[in-house]
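After this come two complexes, each holding subunit A, first together with subunit B and then together with subunit C.
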Partner chain A sequence: MFTVNKKVDKILTLYLPLTMLLSFTIFPIYWTLNTAFKPEGDIVKRPLQYMPVNPTTENFVAAWTNVGFATFFKNSLIVGVFTVIAVLICSTLSGYALSRYQFKGKRSFMLMLLCTQFIPRAMMIIPLFVIFKNLGLISNPLSLIITYTAIEIPFTTILMSGFISNVPKELEEAAMIDGCTKLQSLRHVVFPLLLPGIVATGVFTFIYTWNEFLIALMLTNQQSKFTLPVGLSTMMGEFSINYGALAAGSVIALIPAVILFAYAQKHLVNGMGGAVKG
Partner chain B sequence: MKKKMTTSVLALTMATGMLLAGCGGEEKAATKDTKKAATKSDEPVTLQFWDENAGPARTPVWEEVIKRFEEKNPNIDVEYVGIPNASAKSKYDAAIAAEDTPDIGSVQTTWLPEFSIREALLPLDSYFKKSDISKKINPSATGVNKKITQDGKLYGIPYAQNLDALWIRTDWFEQAGVKEPKTWDEFFTVIEKMRDEANNRYGFTIRGGAGASFTIQRAMFAYSGLDFFDKNGKTNINDPKHVEFVEKYFSYNDKLTPKSDITNGYKEMIAGFDTGVVAMVHHNPGSYGEHNKALPAGSYKLIPLPTTEKGQYVAEGGNAVNLAIFKSTEHADEAWKFVEFVNSEEAQSYWNQQTGQIPTNSDVLDDEWVQDAQHIKTAFEVYNNPDTKLYEPPFYLPDYRAILDDVVDPGVQAVMSGKMSAKDFLDEWAKAIEDSKAKYDQTFKK
Partner chain C sequence: MSLSQGVTETAINSKKTVNRKKIKKDKWVPYLFILPSFLIILGFLFYPIATVFYYSVQHYDVSAPYYNGFAGLENFKEIFTTDKMFIPSLINSLKWVVSEVGLQLVFGMILALLLNQTFKFRGLVRAAAFIPWAVSGVLASTMWSLMFNEHMGVLNDLLMKMGIINEPQAFLANTSTAFTAVIIAELWRGIPFFAITLLASLSSIPDELYEAARVDGASRWKSFIFVTLPQLKNTIVLTTLLRVVWEFNNVDLLFNLTGGGPAHSTTTLTMYIADLAVHGSNFGYGSALTVVSFGILLVFAILYLKLSRYEKE
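Moving on, here comes the complex of A and B:
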């Protein structure tokens, strides 16, 4: 009797809520996929088709070649990868300093980092535009990389300092007793244990740059330099929406994010275990 | 305690610094337009052109127009930048504030007063006067453009106009034996008659979401035939006729129109029509392409908005898109060549045929495709009818658009959900317009 009750309990408290939550999240993705594989005429047709009756890849071809998603994808990738590299270098180093060293004004510095997060992004657009115009960087991916890096560093630094604090100081000290220099102990002891943190921060940053719309739109005045979100939004004109290409474009834009998460998830779990054992 | 104080002071300084940085963007004004050097006509020139309504439907059309232009003007290269419609205004705003505008831009009529006060645009009067297109372009459209700017100059040449109208499902009307509505009374009866519970069909769909303000404004003025302001400069928004109309119009909500109407934006509203849920929708010829994709030919058509009691059609002035030249351009003459070309018979004919808008160049109206395109012809006939009344909303009020978005759109939803009476809603709207007008009149002496 007891075991049956336990089973029912598990279904009610675990599986049922999870299934509901999952279907809630999955449905829009399913519908996007469903739309992406339908020919233009079938998309708004009644009765609704829950599975494409005449499946086609024409929307993907149209999005990739005609609409220019190949270019948008490349631009987004360039901006994303370089931002992640810049953010990781800066935030790991500053995070280490914040976590390991005591210095005057440390707390207020942390507070300032947090304060930068309160500033609405939209407020920075005109100043940013003027700065980058004077630097001659409008429509240059570098302007986006710099902006995103600056926006992301405060938060990722705090995130990183948290991860670093979780790595026991004693491990470093032990390595140094065994003859490691400070940098060697960082490289051989701290970084491997920090991998989950680095991956999490990297993914977090990448997803932000991948999805960011407003700044990318404002700082780019050339069609060939648009990033994916800007390209996607041009699919919705005032009088016409190309649902098929829009859905196909969204699917294309989703792929890197999904792959990244699938990969990062494994690392997060593995890395965490390692840190606890250490 | 002391430590805490330092912390707060530091944080405050930083936050203020960031705020100030946000306001310091205007210093570098007026350096660019001094550079306006005269270029020789055969030197290669690159013009940047911004399209405010880019998308899969319009971008290829512009690219074709630009290709044709470049063939005729081999020394001019036009660089197309497509801006998503929803963010176009903010993109222009940022560009104007940062003094980094394109050479030519496609701008909506409602933006002209603001952009001209901000001294972003080049007056086009002298170019226009000298050009052949001045004899062809619809004078009422250019007239509105001049009337709404503070200095009465022409800052944009309208290359396409639009007209609110009704799309109806002719096949359902025939089946039900219902005639097309010609007056607003007939319109309301049609809503009742076309409700078909068995087939889950509704007679009409009300726009309650984004853009609801435009629809209700145009519908109520079409009903009353009033001007926007009366002789004493008081707005007619809350005239008893409008109260009566708005009350009746929204009383159908949730009874004879779909429940989801309260959040209806363009997409939802048109999807309702195209998926066979509603028999009638208030929009304009611009959605033709969508209906054409979704519905069989001959099952739908465009009819004018019903007439006033006196049998008069009413249209809103300034419902057009224009080409404007930005002051910062270094190639004004070349930019004008492009504006002139886009407004030529050839380009306007091609552009408007592809996008389903109404040409402003009178030569285009004889073209065969216009005669064959039911929706364009209908819309044009309304504009061409000598009795059609044009009312002119005060686009020149800096708050005009903000009032529509922040007072009228939410007001429509409040009326639809029964939280506000039609009269209170219109009073609030009228007050917002009048306050804004008083402020405007005070600033510009009047």
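Moving on, here comes the complex of A and C:
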């Protein structure tokens, strides 16, 4: 009797609510996949097909070649990769300074980083447009790379300084006593221990650039320079929407973000929790 | 004083200066390290913000450059007196932020409490539950627009099967349902953020506290109220604050699902600004609105931090 009660209890307080919340989470993704694999005619057909009856990949071909998702994908990739490189260089350096050195202005610098978190993104789109118009960089991936780097540095600096603080200073000093130069001890001792943190920070930055919409929309006006979110948004705004291709395009945009997220999930969860906690 | 002594002293002194020089040289290292970050933040975060304040007191219309020039407080006067969109959009912002952050906190807490228990495949379930966090606003919009759609939307199909509605509804085109529809879609994307941060602090609560509560005969609900909540307080305060600012500024779903319509029923203040910036040309007026919205956020942030600190004492 006792075990039955315990089982019922576990179902009511764990499995049932968890299943409900998970279905809420998973279903929209499932439905997008379902739509993406249906031929155009079947998408609006009633009764609605909860599984594709005649599965096809024609929507993916249409999205990739006709709509231009191949170009959007390439543009997003370029912006993402270069932003990640720039952010990692800057935030590792400043994170190292914050974690290992005491210096005048350190508190002000940290306050400056904190302040940036309260700057509304929508507040920046008009001045950014003017700045990059004057620099002749509208519809140039460089404008997005610079802006995203600036936006991501504060948070990733705090993340990196946390990761660096986790590498004992004594290890570094021991390596130097053993005859390593400062640079060698950084490369052979600190860097390998820091690698998981660097990967997590890189993934975090990449997902942000991959997903950012408003700034990309404001700073890009040529279709050949659209990133994935801008391409998807433009497609949604068209008069007659090709739903199959839209769903396929969504899947194309979704896959890299989800794979990266699944890969770095654990580090991100720890890092984000830590950053928010203190 | 003998000569040798003097030599030694000079040697010691010079050694000291060498050391001091080395320290002085080292002093530059942290500054060198933060320099790139500092310059980029200054040039592409703080400078743009400063120019918003400058533009807000200018007539600055790209399509009518003849009238460009100093405007004083005219833009602000227009916002508070003649702009018919300002107050309704502010009310929509309030509705948007309160319902989003409130619902995300409640459901995020439930999800975190569930995921903190032990069960099979917990790692996999956690990853699946957190996926929407990695999904962009635009992507969430396309996904939910496929579900809300009048002709092919699965939501209509399900609701009709359950007998809740009789005929398909255009949820996003109807003034009575559009706002709720966007709120649900954004909720989908927002729950994981709360769940992730809350889960991180949940797992750091020592088990002894719960054991002590159990020994004292506390029910599960009581130990949640008297053990869990107080332990989570700081995380809740900070996460809520961050999220309020974030949701106030967030327009991706509003922009793509409804575009602020129908009949401006989903136009929040930020949506109004984004629309002016993307589709309009009056950058001076848009900047003034931006300054107002920044002021609102600032007042909120200060009040919130003061209140939450006040409670602690």
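Keep this in mind: the second predicted complex is superposed on the first by the 235 of 278 C-alpha atoms of A that agree within 3 Å, B and C clash if a C-alpha of one lies under 4 Å from a C-alpha of the other, contacts with A are read in each partner's own complex, and residues count from 1 in each chain.
The rule we apply is simple: a residue touches a chain if its C-beta (ideal position, glycine included) is under 8 Å from a C-beta of that chain, and two chains touch if they have at least 3 such contacts.
Small disclaimer: the values here were computed from a predicted structure and weren't measured.
**Student:** Based on the superposed arrangement around subunit A, label subunit B with subunit C as either clash or fit.
**Tutor:** Subunit B and subunit C clash in the superposed model.
**Student:** Report for A:I126: first if it touches subunit B alone, second if subunit C alone, otherwise both or neither.
**Tutor:** both
**Student:** With both structures fitted on chain A, tell me whether subunit B or subunit C touches more of subunit A's residues.
**Tutor:** For subunit A, the partner with the higher number of touched residues is C.
**Student:** After the superposition on A, what does A:L111 contact: first (subunit B), second (subunit C), both or neither?
**Tutor:** first
**Student:** Just to be sure I read the superposition right, which of the two partners does A:N221 touch: subunit B = first, subunit C = second, or both, or neither?
**Tutor:** first
**Student:** Would you sort A:S185 into first (subunit B), second (subunit C), both or neither based on which partner it touches?
**Tutor:** So A:S185 meets neither subunit B nor subunit C here.
**Student:** Thinking of the overlay built on chain A, is A:E40 touched by subunit B (first), by subunit C (second), by both, or by neither?
**Tutor:** After superposition on chain A, A:E40 lies in contact with subunit B alone.
**Student:** Determine, under the contact definition given at the top, whether A:T32 touches first (subunit B), second (subunit C), both, or neither.
**Tutor:** Second partner only.
**Student:** Applying the touch criterion given at the start, work out whether A:T201 contacts subunit B, subunit C, both or neither, answering first, second, both or neither.
**Tutor:** neither
**Student:** Contacts for A:S76 in the overlay, against subunit B (first) and subunit C (second): which applies, first, second, both or neither?
**Tutor:** neither
**Student:** With both complexes superposed on chain A, which partner does A:V67 reach: first (subunit B), second (subunit C), both or neither?
**Tutor:** Only subunit B; A:V67 stays clear of subunit C.
**Student:** Of the listed stretches 95-103, 203-211, 275-283 or 293-301, mark the one in subunit C with C-alpha atoms clashing against subunit B.
**Tutor:** 275-283
**Student:** Once the two structures are fitted together, what part of subunit A is touched by subunit B and by subunit C alike?
**Tutor:** The answer is residues 44, 105, 112, 116, 118-119, 123-127, 129-130, 214, 217-218, 230, 233, 236-237 of subunit A.
**Student:** Which positions of subunit C touch subunit A when the two form their complex?
**Tutor:** Within the complex, subunit C touches subunit A at residues 27, 29-31, 33-34, 36-38, 40-41, 43-45, 47-49, 51-52, 55, 107, 110-111, 114-115, 117, 119, 125-147, 149, 151-152, 154, 157, 188, 191-192, 196-197, 199-201, 234-235, 238-239, 242, 245, 248-249, 251-252, 255-256, 259, 270, 273-274, 277-278, 283, 286-287, 290, 293-294, 297-298, 301.
**Student:** Quick one: which bits of subunit B touch subunit A in the complex? Just the residue numbers, please.
**Tutor:** 3, 6-7, 10-11, 14-15, 18, 21-22, 24-25, 28, 48, 53-59, 79-87, 90-91, 94-95, 97-100, 102, 266-267, 271, 274-277, 286-287, 289-290, 293-294, 355-356
**Student:** Over in the complex, which subunit A residues touch subunit B? Could you list them?
**Tutor:** These residues of subunit A touch subunit B: 40-41, 44-46, 62, 66-67, 105, 107-108, 111-112, 115-116, 118-119, 123-127, 129-130, 133-134, 138, 214, 217-218, 221-223, 230, 233-242, 245.
**Student:** Spell out the part of subunit A that touches subunit C in their complex, as residue ranges.
**Tutor:** 14-15, 17-18, 21-22, 24-26, 28-29, 31-32, 35, 43-44, 47-48, 50, 89-91, 93-94, 96-98, 100-101, 103, 105-106, 109, 112-113, 116-131, 146-147, 149-151, 153-154, 157, 207, 210-214, 217-218, 228-230, 232-233, 236-237, 243, 246-247, 249-250, 253-254, 257-258, 260-262, 265, 268-270, 272-274, 276-278
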